[in-house]
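Look for chain A in each of the two complexes below; its partner is chain B in the first and chain C in the second.
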Partner chain A sequence: MKKVSAQLAAWLFLTPYLLSTVVFLLWPLAISFDLSFKQTFGPGHAEWIGWDNFRFLLSDPLFWKAATNTAIYAACSVCIQLPLSLCLALLLNRPRLWAKGFLRLVFFSPSLVGLVFVGVLFSMLFEKRTGLLNRLLVVFVPGFNIDFAWLESYVMVSLVLASLWLYVGFNMVYFLAALQNVPNELVEAAMLDGASAWQRFRHVVLPEILPVASFVVLLSLIGSFQLFELPFILLNGAGPDNQGLTIVMYLYSTGFVTGDLGYASAIGWVLSLVLMMFAAGQRWLVRKLEK
Partner chain B sequence: MKRILGFFAFVRDYRELFSPGIVIIFAIFAITLPIVATRVTQEQMGIQFWVFAKQHADAYRPLIEEWNSQQHSLPVNLQLIDYQAMERRMLSGFMSGTPVADLIEVERHMIGRVFSGPLEAVGFVDLTQYLEREGLMDKINRPSFSPWTTRGRVFGLPHDVHPVLLAYRADLIEAAGIDMSRIETWQDFVQTLRPLMYEGSTDGRPIRYLLNIWHTQRDTIEMLMVQAGGGLFNERDEIDFLQEPNVEVLATIATWIGGPGRIALDAPRFSASGNKLILDGAVLATPVPDWLAGIWQYELPDLHGKVKLMPLPAWKPGGRRTSVLGGTMLGISKSARDFESCWEFAKSLYLSPQLAEKFFRESHIISPVKEHWKLDFYHQPNPFYCGQRTGSLFIEQAPQVPRRTSSPFSMMALDALGTVMYRAVEFAEAGKISDPKALEDIVQQLLVEEEERIKRQMGRNVFHRTNLQVKRQ
Partner chain C sequence: MKNSKFIRVLNRAGTILVPFVLWSAALVTLLPFFWMVTAALKSREDFFRSLFLPEGKGWFGIAWEKLTLGNFHRLFANENFGMHIINSAFLSSATALCATLSSAMGGYALAKLRFVGRGILTWFVLWSLVIPGTLLLAPGYKVLYDLHLLNTYYGLILPALAPAFGVFLFRQAMVNTVPDAILESARIDGAGELRIFFVIVLPLVRPMVGAFLMITYLGTWNNFLLPQVVLQSPEMMPLSVMISQLRGIYSQDYGLIMAGTLISIVPVMLLFLLLQKEFISGLTTGAVKG
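After this line comes the complex of A and B, so read on.
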């Protein structure tokens, strides 16, 4: 009797979670999977079109442009942003650093303001003629053209710069937490054995922070592949010649501007597949490195 | 019964699991659940009317009060809803059959989505027969119907005409002794004003530009294309990027924006930086529809007495001196409870001379009802525009306003136009091209590529396949 009651209670406690998961996650997932094989105009008008959405996606130049832009941005996130975050964390983890707490706050604070604010801020900064950057360059660089359009000529660079400002400090916090968990005695033992700073980092610190680092890499990749608000606000859309178009922006535009929910679902499923592959790859790599 | 008792026994045995917090949460859940479950949404009485623009709502309120006081069977309830929220609610309602307002004011960029399904799925009542029966097709400026027409059927009562004129800095141009009335074509405009770009420059660089246009201002570029008689869609709403004047117009605009012959500056509407450039005189002329001419009076009061309006320069001598930008309609949703009352109210509102006067005085918008154009208030001098009779200027051009598409693919096509322009400008920059003729082949090639891409997208729409695409040999 007691066993039955305990089981009943467990199910009772699980019910709200299970219900919300079914209603808000599994059911929409199933619907979107179904949608990806259809073309619709509201629930009243749906036509089964088989694999057409996926077939079209493979030959859609805009999808590939969005995928390429997203991949470049993701690569920049991992290859520029994360090393910078790690460097900052190493710097701010030094025991005798002056104003450590203040500096940590300064580097972390951009992530408090959010993507939309950063988008607006950088769009004003990069503005032709009236933007701060061009105003400064005109003063310090002789012959600089005040009409130079950063957001037209260097779309990806502008995007990466804005995201660096936003995320470097944010990721630094993860690395900082990981560095603080590296046992001091290991580092000191390495020092006594005559290991250089690089050797200590390479052979003692890095293996210790590897699980956190791989987690941050995965988070950055997922975040990069979901990039939407920053280019949308910064470039006021996809930017010239769709140079700032990302996969999620394309998904939004096909689903909610063009109204092709079936095609948008297909894009969403392909994106999910890519992210799942990244997650699996990350797990495989971490296990291999740990061994 | 045994099970319930068993459950209570379990609660007694494991009471440490039930902290006060959990008990409170369960209590709130138990109390609120029946309240929420049994709550009956109060049905809104009368005709529901959604608008997205505050200016419109403010103008309509006195007329609605008057209508409601006249003991009509159904009173009108006006609701001002944010643009995007209204678009979402309207489209969701149309697509899912959930309630929407009886009357909805729709902006031009919203309508494509409404028309993207089969004709019978359009959420608005087809007004064609009512408009014809009551002679409104002739009473209202005909081009104003075009954005609200799909597959030959009209789904809304037009709110405006939105003719476009050219606003120019009279203080700077006339001080240089230039008579703008002698300018007839865009070629004249560029040739006559170009010296002003360098007037006062010490390093040989332009200190100001002649025209406010950029490759990112896609709707302005489209506006100039339709002025020339072209456009992205032909008269049958088929996609047709290669219509006669398109290549020439786009090549010309590309040389205005990039290359050694540049005359254009980007001063975007509704932006602080754009307004500052206009105020600073960094750009001498801007194409302005009637509504923008009204907005300038409020947003840029420092321009008072410094700007004048003139008809747009034509693309060819004797050509059209205006174009069209923006637009709104009033539609009656199919779920409207009393169509006749809605129709009567819609007519009384949109055909009202009082409303026409209010709109013109407050926002400079011209009524599409042709008989109103004779009314006095349209022909008064306007001190902001150096005493010009601006209403008369817009009205003179109103009948020549070109038709526009209502295609559900218009936004997609506009994006493609942005891509074409950007690449054409890049070519002009890279090749230092200032002669439009030298750019025409490239522009044509770019248009063909983008048209093909859009056609492939259009070809996928199973609801809209009929006669939307022009066959090109």
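After this line comes the complex of A and C, so read on.
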């Protein structure tokens, strides 16, 4: 009798999670699988078309444009943003630094701002003639043209700049937590052995923080590949010549503007497969590191 | 130790250079915020005339008397901004409370209760972490349509009840911090499972409860895509959607838009900066200790 009630208690505790998982995760997953083989016209009408969505996707120039843009953005995130985050974390981790807590707070604060609000704020910062960026550049760079249109001619640069402001401090928090977990004795021992600052970083600190670093790379890849709100608001759509079109923006516009939920689902599956490959790759890497 | 002198010089340079670099970076980080605040407080003419604060004869050579709350006044008088603040606050609180409760309950069952299927379910929670939310966007819309939940707040709150991320976090937190012995003795004393959960277990993981409440509150407050897709009535929109529409309609009214953005960002940000320790520890638990 007691055993039964214990079992029951467990399932009752899990009920809210299970119910909403079935209704809002498993059921949509099944529908999405089904939809990806259909052509739809709004949520009400659908027609079976087999593999046509996927076949069309492979030859769809807009999809490839979106995929290229997204991949470039992701590469910039990993290659520019993360090293900057690591540098900030290393600098902040120095002993006897004045106002360390305040600085960490300042760097972290942009990541509390939602992507929409960042989009609105930066669309005004980047504006020609009136925006902060051009008005500052005119003062500091001789001969700079105040009518320089960031959001028209340098779409990706603007996106990356905005994302740097937003995410460098966020990732820094992870690196900082990892750096604080590096045993001090290890670093001191290396110092006694006469290792230079770079050698200490390369051979003592880096191996210790590598698992966290790989996790941050994964987070940042997953986030980058789902980029939507920032360019959507910043460029008020896909931007000139679709220079700011991302995969999720394309998914959104085929699903909710064109009304083809089927093709949108197909795009979703392809994107998910890529993300799952990243996740599997990270797990493989961590396991290899642990050996 | 040939280059020890060189290293000492480098170290001394570092004690000056490092703060310089850090404070410059801090300045760059704060500049957009400062620009936003000043733009929100200026009239249209002063926005074009001055970069930050208008020059004049007041303290620090600034015309303090030219600053105005006119933009805020217009927001509340003409754009019904108060209602959108309440919408956002309600949605975020309701989602945060429900999601935290259901995650804590689920995490507790997975961490501390013995039942058939626990292993499979734990594995499933982990696996579902990998599914990207965007895959569910199109079919989720169809589900909400079939359930007649489009254009309701239920359509936003109910899907948020199943954050695998939350269940996983609470499971991790409870496995180590909740001793089995306490639970056993409470059971022997005849305490019911619900009472054990609320009186013993939840207080033990209070830091995680706080962190997760904040994470979900902030996430809902900042969420744009879901309300944009699910809601249709203008009077139901949260601030995120409202601001993006404002930007579309009054693209040249810089003061108004910056005032709206300021109100959407700052109160929540201040609250979180006050509680940042708990928040950050919640964010990094999974990564560093996991």
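Just a few scattered comments:
Note that the second predicted complex is superposed on the first by the 283 of 291 C-alpha atoms of A that agree within 3 Å, B and C clash if a C-alpha of one lies under 4 Å from a C-alpha of the other, contacts with A are read in each partner's own complex, and residues count from 1 in each chain.
By definition in this document, contacts are C-beta pairs under 8 Å (C-beta built on N, C-alpha and C of every residue); 3 or more make two chains touch, one makes a residue touch a chain.
The structure presented is a predicted model; accordingly, all values stated were derived computationally and were not measured.
With the C-alpha superposition on chain A as described, chain C and chain B clash in the combined arrangement.
Contact with chain B, but none with chain C, is seen for A:Ile49 once the two complexes are overlaid on the shared chain.
Of the two partner chains, chain B is the only one that A:Lys128 touches; chain C does not reach it.
In the superposition on chain A, the chain among chain B and chain C reaching more residues of chain A is C.
In the superposition on chain A, contact of A:Met156 is made with neither chain B nor chain C. In the superposition on chain A, A:Leu206 makes contact with neither chain B nor chain C.
Look at A:Ala9: by the touch rule set out above, it reaches both chain B and chain C. Of the two partner chains placed by superposition, A:Ile80 touches none, neither chain B nor chain C.
Common to the chain B-facing and chain C-facing surfaces of chain A are residues 6, 9, 43-44, 124, 130, 236.
Of all the residues in chain A, the ones that touch chain B in their complex are 1-2, 4-6, 8-9, 39, 41-45, 47, 49, 52, 56, 61-62, 124, 127-131, 147, 149, 152, 236, 238, 240-242, 257-260, 263. Chain B meets chain A in the complex at residues 6-7, 9-10, 13-14, 17, 91, 94-97, 113, 116-118, 121, 215-216, 265-266, 272-273, 276-277, 282, 408, 411-412, 415, 418-419, 422-423, 453, 456-457, 460-463.
Within the complex formed with chain A, the residues of chain C that make contact are 1, 7, 10, 14, 18-19, 21-23, 25-26, 28-33, 35-36, 39, 47-48, 51, 98, 101-103, 105-106, 108-110, 113-116, 118, 121, 128, 130-143, 145-147, 158-159, 161-162, 164, 167, 193, 197, 218, 221-225, 229, 240-241, 243-244, 247-248, 254, 257-258, 261, 264-265, 268-269, 272-273, 276, 280, 283-284, 287-288. Interface of chain A with chain C (complex): residues 6-7, 9-14, 16-21, 23-25, 27-29, 31-32, 35, 43-44, 88, 91-92, 94, 97-98, 103, 105-110, 112-117, 119-125, 130, 132, 135-136, 165, 169, 173-174, 177-178, 181, 194, 196-197, 212, 215-216, 222, 225-226, 228-229, 233, 236, 248, 251-252, 255-256, 261, 264-265, 268-269, 271-272, 275-276, 279.
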